[in-house]
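By letter and in written order, the chains are A, B, C and D; residue numbering begins at 1 in each of them.
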Amino acid sequence: MPRYRSRMPRIVVGVMGPGETATAAECESAERLGELIARRGWVVLTGGRSAGVMDAALAGAKRAGGLTIGILPHETDASASTFADIRIVTGMGEARDVVNILSSHIVVVCGMSPGTAAEIALAIKKGRHIILLDPPRATADFWTGLGGPLVHAAATLEDAVDLAARLLEPPG
Amino acid sequence: MPRYRSRMPRIVVGVMGPGETATAAECESAERLGELIARRGWVVLTGGRSAGVMDAALAGAKRAGGLTIGILPHETDASASTFADIRIVTGMGEARDVVNILSSHIVVVCGMSPGTAAEIALAIKKGRHIILLDPPRATADFWTGLGGPLVHAAATLEDAVDLAARLLEPPG
Amino acid sequence: MPRYRSRMPRIVVGVMGPGETATAAECESAERLGELIARRGWVVLTGGRSAGVMDAALAGAKRAGGLTIGILPHETDASASTFADIRIVTGMGEARDVVNILSSHIVVVCGMSPGTAAEIALAIKKGRHIILLDPPRATADFWTGLGGPLVHAAATLEDAVDLAARLLEPPG
Amino acid sequence: MPRYRSRMPRIVVGVMGPGETATAAECESAERLGELIARRGWVVLTGGRSAGVMDAALAGAKRAGGLTIGILPHETDASASTFADIRIVTGMGEARDVVNILSSHIVVVCGMSPGTAAEIALAIKKGRHIILLDPPRATADFWTGLGGPLVHAAATLEDAVDLAARLLEPPG
């Protein structure tokens, strides 16, 4: 009986950033970022709630026809973004941040919050590359001090996605 | 700026059963089950490792062109089934069973093991319908005693999938 | 600089059973069980909420002057039993059942519920001995079928604690 | 039947810092810190492994006769500090950091690492006061920027414990 392998696994890019406290500019960036990621054929993964950067990045990815995953903290999907195709319901509160990071091949960060900081720290611990979008100097310095060559800054959304591509697909 | 909603969320059917201790017959059933589920347009979700029912159900779903999700217990995807399109890496050991259940709209069970029993118990606690494939009488009785109307038995794979369809899409 | 080792680690006995659905008889057994366990010098660990077997076992242990631990599912200790000395706050919902089992050297079960069944199944998977208090025949048969020599039944509370002592401290 | 309440719950102080990468000075501080915390009658809680700040803080607390808790990431206690009286075995990898924070009434930080940064960020998110021991200016600024009045710095170990006392027991 012939079997057909999954062609990949799919490349998953995590987009992390503030929820309710996200600024309009951060949401706009996240939405455009989700779109650019989806156009590359990558899956967009976020914390999955209908708020801030999580929601915006998924919305952008759907606009570009991408596949989207939301990793939810609660026991139901009542808080889920309407743009999440796949809703992973963890019921584990903040511990779901670990799932966000471990399930992402690379992490792009749009804005800052305590939850976002926890995710960056976990990404460093687990060896994921992290791309900070246009970070303030002190923020970039702090994380680079902790994560060294895993921590990157990108001045524009396009630069961030190009950098992700290079980090994900090193030239043979 | 127009936004496009995710048409659904996707319907996710969890297939649970033994890993390394699965029998050849259980794996064969799981593979055919994955195929039937995928043909309905549903996503197949399993514990994601390259073993037993987890692996077989994902293989069957891929043969039918379906989308597959593996929820992995370890911190890397080294143990993942090659048939898992999306690999959710939890790093949480047995606690990932909770994610399996909460992320599934309905659960189909193929065989029995301690891990499978934990998942059935969690499914009952969280109000998910569970379909046991051709269970021994004592097994069916035990779970029905705990879960009442949430616990169902199906004599054939086709019956199981038809029953899942009725439970997922109650007639208007 | 001299250092002083912890004399042990302390022996931890998990007591598992229904919460809100526990019967008065189950709570009475759990309270007496907690007392007997504490008198042996063992720590009593439960799911920690102020309900059913969890609460009663901790209450009994405190009456005997024992040390008590509650492993709570929520993000705060608002639901905690007043008899829990140490409140481990997991914020992980049902996933805390895994912590209950992994942190217990042996598990005593008083009554049955979906959550209790999940804990027994996890205990079997993780190689913990389980003592069922006066279980119905079908229940004992089901779990013995899954767990073999890890699953024990005890007719009385005193028998359960004596059996725990033998299983915890095998004769040299 | 009279029941006896737990006199409290016990006050739990989390001590967080690097594991294998801790410096000798950080371990010395952590050991002395554990001692000072235990002398106040508080329980010392750490990540529980036999390494760095985790181990040293528990050792110090035991020297002062205190009660100690280790929250372990692995599925067994093989990696546990010999100074941990109570070994909470989570099997959840990095997700145990959430348990560390939620189970601590206040957090004292001795040194910095990716895991420590994740714990500080979680503590801010969950509203715990955090006392950084003699932090570099840039570190203090970064965390204060995220956590505002929850983030404190202490120049000496004695100051840290005095501050903890004031934060834990506000004057009536």
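Going forward, contacts are C-beta pairs under 8 Å (C-beta built on N, C-alpha and C of every residue); 3 or more make two chains touch, one makes a residue touch a chain.
Values in this document were obtained by computation on a predicted structure and should not be read as measured data.
Chain centres computed from CA atoms place B at the largest separation from chain D. For chain pairs B-C and B-D, the one joined by more C-beta pairs in contact is B-C. The distance from the centre of chain B to the centre of chain C, with each centre set as the mean of the Cα atoms, comes to 30 Å. Mean C-alpha position of chain B lies 40 Å from that of chain D. Residue numbers of chain C whose C-beta contacts span two or more other chains: 75, 91-95, 98, 126. Chain contacts in this assembly form a complete graph, since each chain touches every other chain. Contact residues on chain B toward chain D in their complex (touch as defined above): 75, 91-95. If you check the complex, the residues on chain B that touch chain A are 3-6, 8-10, 12, 43, 58-59, 62-63, 68-69, 71, 75-77, 80, 82-92, 95, 98-99, 102-103, 126.
Against chain B, in their complex, chain C makes its touches with residues 92-95, 98, 112-115, 117-118, 120-122, 124-126, 138-139, 141-142, 145-147.
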